[in-house]
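One chain, chain A, links the two complexes that follow: it is found with chain B in the first and with chain C in the second.
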Partner chain A sequence: MEQVIGVPRGLDYYLFYPFWQHFLASLGLGTVVSPPTNKAIVDLGATHAVDGCCLPLKVYLGHVLTLAEQGITAFFVPRIVGIARREYICPYFLGLPDFISHYLPRKGTEVISPVVDFRRGELAAAKELIRFGARYVPWPEAARAYYSAWLAFRSWRQRQITAVAPERLTVLVLGHRYLVDDSFLNQGVMGRLHQAGAQAITSYQLPEAFLSKGAKRLGKRMFWTSGRQSLGALEECLGKVDGVITLAAFACGTDSLVTDLIQRRARQAGVPNLLLYVDEQTGEAGIGTRLEAFVDMLVRSKQR
Partner chain B sequence: MKITFPHMGSLYIAVEALLQELGHDVVVPPPTTKRTLELGVRYGPEVACLPFKVMIGNLLEARALGADTVLMIGGTGPCRLGYYAEVQRQILEELGTGLEVLVLEQPLENPARLRGDLRELFRGRRVSRLPWALYIAWEKLKACEALEELALVVRPREKALGLTSQVLAQALREVREAGGVRAVHQALKLGKVALRDTGAPGKDRVHRIGVVGEIYTVLEPFVNLRLEERLGQLGAEVVRTISVVEWVRNHVLKGSVGLYKTTKLERSAVGYLRGWIGGHGLESVARANDLAADGVDGVVHILPFTCMPEVVAQAILEGVARDREVPILSLVVDEHTAEAGFQTRLEAFMDLIRRSERWAVHV
Partner chain C sequence: MCERAVFLGVDLGSVSTNLVLLDPYTDEVVVKLYLRTNGAPIQALVKGMKQLADRGPWEVLGVGTTGSGRQLAAAILGADVVKNEITAHAVAAIKHNPATSTVIEIGGQDSKIILIRNGVVHDFAMNTICAAGTGAFLDQQAARLGIAIEEFGNLALQSQHAVRIAGRCTVFAESDMIHKQQLGHGVADILAGLCQAMVRNYLSNVAKGKRIAPVVLFQGGVAANTGIRKALESALGMEVEVPDHYDVMGAVGAAVLAKERWTGASRTRFAGFAIGDSSFASTSWECSDCPNHCEIVQIARDGTPLACWGSRCGKHQLAGVENGSA
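Presenting the complex of A and B:
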């Protein structure tokens, strides 16, 4: 019987899944993705994980354990050192496979974790991933699989770049992608903004060069990819957006400093900004009320 | 220019000597107290880790004593420490403190900025004194660490409760006041004799407890609620695995020429952690493993709340404890950590260790 690999729908899933989907399929590996985040998954992760870890990591663990309950024994948990030159995502991504292995029975489970390290350029990262692929298929085939997956990934990224309609009320939503895209964790912030008639843009809907240009103006080079993208987007969008919403996860280490930098910068520039911290107790009503009030305020000041 | 820097354990003795030898007017921040932390909590980001808040407090207290320049270290991640200086600079600026922040970054990070900061640091100073200043600071650093490590050994055997800490404080004061390298060595020698003298005879066998964790919380007694002293007074000899001397050797001397490798640590952590995860996460796992192999009676792992690398280590250490059958206590500290609860947990941990040993004898 062919082994099915479980892919947890969390953390790197939101950054990389189109790549993995193609790559793993070309290597002849069958995958199953865990269901979208729900209350049971959050609770499962929060019950098992050590206290101090951040919400997205707890949820990721919840996804892994949910897959395990479905009888999956192999899990795809890459060790992501960095996804851009000289940058990291955060220490959790570095230790992710080891962290997850700790919560799985040692016998009878397998954690499949290729190393993703773009800090020394794309070539070095490609070599590492092709070497990983060569464990399943001959290496030329692995190289081809890598290349086609890379193309698919690039076009996926390009498709997300969206133009901003200048006349509409525009809100810049900043934060880790696995928070912004997980509508359960953020209580549907994007949908709510849409309903309220606002146009929401996120940092990954903006071209990478645009973000890097903004990030160059920082006092110190930002070494967390998500932080660089958020701060870069903020720098470039000041004056072009009506408001800024920052989504942050409780106990997230990078957010603790990045949100402070975002808020200070927005304050100095006179842009209305709202900081939304989410944790496993966050309720729908609280977030909804705050969002409504924020959008109302933006609408009123735009009319004036 | 009056220069200051944040505290980390007894490191201020070496840094003060270094800057003074260069001809700086140095303001050492007052010892960290509750008030320091309150200042940090008030002005630092609410969710920043504890070391950040304490450091902001240190700098503000030093400013009240007349400091106008801050010396900080930088970094390139993934640990938060690398971005401390930048956020601190912005906070201090917004508060209108007028404190200027000079940052020692890795040379290739932003050469122009570093050159500017160094020029500021050395302007009108005796640059030719730098080798000598480094030498005396290095000797003071080594002396302080040697004294502290000896204190860890003698404390569980002390004649009267608290005697070791008194003698240690005096010895460190003498190292701090020593004017030359010879005087430092003299102070070290006398300090060692005085420390050895605090021991009571007939208390040879004591429990050995290893301490691993995030460097700042391990070294800063205010933040770790005097963990080492508490353990010592509960009758345990503490084995410290964190050393600033080693850190300088590895990361500054070897690291700057690319000779520092984590291979040895990775070998110790094999089966648990497959590589470096930033901060001291790999060290914590590797050293806990080494300590267990070395036959310590228990390990205490200390970390600030939400410290990313150490949280990974914390989860993994549960596995180390199970496999190696060594009790490991993870202590998370933040601004709400209270003394009574902390002490109770340490006492319970020591009781557990004593009891498991008694059982071992009966089996």
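Presenting the complex of A and C:
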């Protein structure tokens, strides 16, 4: 009987899903993705997760438990060590499979967790993933699956690069991709910006070379990939955007440092910036009011 | 008697409901009302409208609403402009004194700082997760000490030696105050200490990292408290100006914004003073069409739905008024 693997729509999903979708399908594995984040998922995760962890991790757990409620017994939870050469990401990703296993019954469930480690380059990472694939298909087939998935992933990344119309009011939105792209968690920040007549761009819509170039100008290396991308985007966009919005997750460790660096840099450069904390509370008044006031501010100063 | 032309500005806040009538030619405040919301925003608003009507007759050219209840007020009044509190306060401050650089606003349940450069908002911040050190807490502590909130400031000014109170968290501040009372410190010293603690908290939380430059305006209900004003002045080392209409600046800003929108040819959506005789009811329910379980609110006038909001997906939405972008 063919086993269906549950893919939680959280954390790394937003970074890599097109890759996994291709790769797992080529390995002959059927997948089902959890629904977009909703209140029930957030509540489920927040009730079960340990107090100390960050909101996105709680939400991820909510996605896993939602899949489990649907009768899924195999879960795709990669162990991500690093996604760029000589860089780290949040250590929660490293321990994610262990964290998730803890909340699932030991008997009858399987947590599938290939190791993703780009710290020593693409080749080393590819070897590891092909080795993972070889558990399901013969080795050469796994290698082919990997490369076709990698190509699909690259073209997906390429398609997201967006040109910025300089004459329009432009807001750069920075933050972890799993916050920026999850419109439930961020309470529709992107949509609200569009509604207010602003064009919103994220660091994921900018070419990687562009981000690295900006990051090189920092006084010191930023060793978290997401932080480097955010700060690099900011550096390169100074003078090209009207304002910067930073989305930060409640209780996120890396954000506590990166958001402060973003704010300092923006202040120094005289670019209006707004920090929005995303947490479990469902009240929209907080984000709505701040966003509205921020866009007002940009519009009014542009009119001058 | 001839109807006098005015713009109506309403700030429906958590603690107070403020209404202002603004002269369209001079921008003078013709009438201002500061009412306690007392947890019943609709009643407070209707009561305010009745009081305004009694002092009429008025020809309302345009209506602007602001405050946490701005949508509600807009639905009931038929507003032409609905604006967030930050823009409204900034607009009123610039109107009051074009040289204003910093606006410190402390209201019932939130506090904010607005930095203005060259006549436009340059930067702002609001209190984040915790509402420590806002008006509601002062109200509560005044009640606990058995003094009227109006006397609070003057009593604090009589202090010779302000005691140190922890201001980070109001729960701790309260236990600190009780402790200081038990040690035998006088009420005036404790109040002065509380003022300093609130200012410290404000400056390190809300105004964190912001450059405060004169002219500084202090507005919002808490600006009535002379003790807080003095503590602010000594912490900042500069004069802090409290405008005449400090308590209704949000409403003034809303009226100014309504005037900005007004072209002379445009007709107001204002529902008229007759709303004072109507009965308004709000109903709310949890939509269970999807797992988000949004809380939907519907406002009805004499049984007819006026506006409905609260869903994330846009279902049930019945807009009483478009969100005014300047």
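Quick note on the criterion: the second predicted complex is superposed on the first by the 303 of 304 C-alpha atoms of A that agree within 3 Å, B and C clash if a C-alpha of one lies under 4 Å from a C-alpha of the other, contacts with A are read in each partner's own complex, and residues count from 1 in each chain.
In this text, a residue touches a chain if its C-beta (ideal position, glycine included) is under 8 Å from a C-beta of that chain, and two chains touch if they have at least 3 such contacts.
In this text the structure is predicted, and so the values were computed from the model without any measurement.
Novice: Name the contact category of A:253: first (chain B only), second (chain C only), both, or neither.
Specialist: After superposing on A, A:253 lies in contact with chain B but is clear of chain C.
Novice: Name the contact category of A:86: first (chain B only), second (chain C only), both, or neither.
Specialist: first
Novice: Once the two complexes are aligned on chain A, which partner has more residues of chain A within touching range, chain B or chain C?
Specialist: Looking at chain A, the partner in contact with more of its residues is B.
Novice: Name the contact category of A:207: first (chain B only), second (chain C only), both, or neither.
Specialist: Neither chain B nor chain C is touched by A:207.
Novice: Looking at A:279, would you say it contacts chain B, chain C, both, or neither? Reply first, second, both or neither.
Specialist: The second partner, chain C, only.
Novice: In the overlaid three-chain picture, which partner chain does A:18 touch, first (chain B) or second (chain C), both, or neither?
Specialist: neither
Novice: Who does A:49 touch here: chain B (first), chain C (second), both, or neither?
Specialist: Once the two structures are laid over each other on A, A:49 reaches chain B alone.
Novice: Once chain A of both complexes is superposed, is A:102 in touch with chain B (first), chain C (second), both, or neither?
Specialist: Only chain B; A:102 stays clear of chain C.
Novice: Looking at A:224 after the superposition, I want to know if it touches chain B, chain C, both of them or none. Which is it: first, second, both, neither?
Specialist: first
Novice: Common interface residues of chain A with chain B and chain C?
Specialist: Common to the two interfaces on chain A: residues 264, 277.
Novice: Using the touch definition up top, name the residues of chain A that touch chain B in the complex.
Specialist: By the definition above, chain A touches chain B via 49-54, 79, 86-92, 94-95, 97-99, 102-103, 218-224, 248, 250-257, 259-261, 264, 277.
Novice: Which part of chain B faces chain A closely enough to touch in the complex?
Specialist: 45, 47-49, 52, 74, 76-80, 82-83, 85-87, 89-90, 94, 109-110, 272-279, 281, 303, 305-316, 318-319, 330, 332
Novice: Would you pull the chain C residues touching chain A in the complex into a rising list?
Specialist: 68, 83-87, 118-124, 126, 128-129, 209, 290-293, 312, 323, 325-326
Novice: For a test of understanding, state which residues of chain A touch chain C in their complex under the given definition.
Specialist: Touch residues, chain A against chain C: 35, 38-41, 184, 188, 196-197, 263-264, 267, 272-273, 277, 279, 285, 289-290, 292-297, 299-301, 303-304.
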